[in-house]
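Labels run A, B, C and D following the written order; every chain starts at residue 1.
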């Protein structure tokens, strides 16, 4: 028997930016997916009737229904007026009947060098944010679970065949005193009809006494958007685009290495 | 029997930016495609003889023939001198014997935040504009029918196999009082020879008493250009490129989150 | 029988920017390819030993040998000091034993609108320049033949399977009084070993009494570079990148169309 | 019998930017890979458990272990304060149990023209830097071996099938007096389980009396990141992005060539 759909806090809560653990430990389990065997395969290879699909939340639907729960809140630093001038926040959000999933790119970090140049110190990543639905087209982002996808994991998803599965394990406290107390597993596996994927995040958090499991089905077209955005964002969150932005024809200089050095094979 | 080719207003009309319904209701049907069974398969896998192909309108042909009907009119705001300084309009237009199809990207919308940053409020899209031919290399853009392709639908077309079909349903008035009165269906399906696709837009508009159906064949090469431009434009109309443009090495800051927060798994 | 290798002007000539017909008509034929049947298939799937491959001209080889014939000359406007400030010329050149082939992207053309915005008036293209070899690593660019590849033709090459062939016909004087007097055919076809392609340009020019035919073999890796650069350049020479460059979060405006208009289906 | 794992200088050495030959000739051999036949195939198609994988060095691990050996040193010009203002260094590094491999893009070189424009004089490349491990998560970058991958070689890797192999030969002194004294071979070949690749660099340097061989396994996901970054970087290191950056709608000019010229086929 699949676990029944149970949401311990089904009543809408006000949006909050409080850290999750501030609400105190509360054991509950969310199992949002139907059992796989009970899903009927679709009739055609392209079952794309979003406007009528009960499992699909159209983000372009009347905004009155989305104000409270429609979009993931910005979870960065508290709003300091003028403090983030020029920054732009963008994400890719997929809304389904029982959960929403937002992909949120994060920039790399740079360190200045003595020479006046910069070096990439840490690669960026894409933060996956899963939120359970608490009503029609309403998602409780205060109860979200997150998973930060590294460049290497994004590469793995880029090459995932339609029938392949994939699992990533994260321990946010690895190498710290709380190592092993939080365990996150992201599974990406084919839907039974072979036309889409399930993204499944399970989080066992012994610090907060939480054991959650969130499923969301991703269609072939949505996965293609993920692939397109990952291919786009990978060179940027690796800092390669800041390297290419620094290519200036008017500042071009020949490589003046000693000829006897084997460092550079081609004398350029 | 396929519907006969009938164009109710074959005489050229002056270009107009008037909204379509200002011309009043006029029942007519346009069926622009030959029956599929009457098309002969091409001799080779690469039937690319555009200069001689009667079904192909070369946009580089003598401009005298294109002034009136060759290009889709800009349908945005009325021209206010200086009002759109710096904006650039670009589209991808495919001209065939019985119809033309233009792909016109539209930007996302942003909202300013208190912090001085911006957030993507609505994703952009690609507007498909179908216009019937009214003579050799002449297209009546005042009678165009449009379909706004969302990012998700673009993703679906990106992964469409050569033998796959696809249908998208739109109701422009969904959630409004006129819901159900306009129904648009975009079908993309393989040509019988397996080397191209038909793009077929049917529009049933009970408000204007219009029932139109426009077919246009798209070759493999043209579809590859669509795929290339979609892969390019998706991250831009999602606003991810404005995010990446805001990555500045000199403004890089470490993520300073409390260590006990499970929000970010990797301490960066 | 394949046409024999004959080069009518094997003696090096000084580089010249004179238009080709200024040298007067001179019937000659260049057939640069060996017969297909005489080529042995390589031993492995990846026969990549460029440094030893006699058919490969390394553009990083000692520059003394390249000054006269190594690079295609810039053929744009005569050098007016300061007249092209900020412009950058880039191409992708492939050098082989009997010919060289350069891919040279050309920008789109824009027209200003009354509103202060710009519109793409003509798509750009990629100019293919074929030059015959006149000695070891020497190519006579004054005798080059060119073929301007449209976006649509680039799309066709993007999807060309390893065993597919392709032909494009151009008449530079189509629609003019000299229509039919110059006929160009670009053929792209698999090499017998199935690992590469031949690019074959044949030009019949009755105005200059020229009948030329230039072959150049392109390896799988070189074709992958062509695919990568085409995917990159297509949105740029269509002007879509100037559209995306004009997306400014701080200038974002909502679409304010009348709600009854069927132009835009989704109220955004 | 495979060569045994032997590292002649296992003791950590201080980081140094001295040219390698300054340390004098020292014959040693490093063979870092296990014999292929002794590797067991993984259980599933997606064996991605990086946090537990002993062969995987997580670059996000505690930084205390990475200070000395974790990152490849910048090997460019000596740090002149302010001398490289605005430049950004980025690379893609893969850390494994016995070696690390860093991909480091290098810009093209430009020359100014009389007209005020610039021309690409030399394509850029991607420098591969292999460093042996000298302890857990410690790599000796002073003993690195490098291989500069050309655009054409990158294209070859882009199309390399999962079961294909590839070899590139470089002689850094080709055409010089020391030609033949240094021989580098980069092999890319499938892992026995078919899910990844080995990158194997062997260097025979008779000038330094060095004969080294470094293996590093690359997973499918890591290879996908390589493909994504190569596709991104190729147009940039070829200088095509500086060409596209120079496209300005406000500076657009029609092509004003004489009509009788066969240079440009389409009158634009």
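Criterion: a residue touches a chain if its C-beta (ideal position, glycine included) is under 8 Å from a C-beta of that chain, and two chains touch if they have at least 3 such contacts.
All of these numbers come straight from a predicted model, not from anything done at the bench.
Common neighbours of chain B and chain D (chains touching each): A, C. Because chain B and chain C carry the same sequence, their contact can be compared by residue number, and under half of the numbers here are used by both.
Relative to chain B, the chain whose mean Cα position lies farthest away is D. Averaging C-alpha coordinates per chain places the centre of chain C 29 Å away from that of chain D. If you average the CA atoms of chain A and of chain C, the two centres end up 41 Å from each other.
Chain contacts: chain C has residues 60, 88, 108, 110, 118, 122, 150, 170-171, 231, 239, 241-242, 249, 266-268 touching two or more partner chains. Contacts from chain B toward chain A in the complex involve residues 108, 110, 113-120, 122-123, 150-161, 164-171, 174-175, 230-231, 234-235, 238-250, 252-255, 258-268.
Remark: chain B residues 19-21, 44-46, 48-52, 58-62, 74-75, 77, 79-92, 105-112, 118, 121-122, 125, 127, 146-148, 150, 170-172, 176, 182, 184, 205, 207-208, 219-225, 228-229, 231-233, 236, 239, 241-242 touch chain C in the complex.
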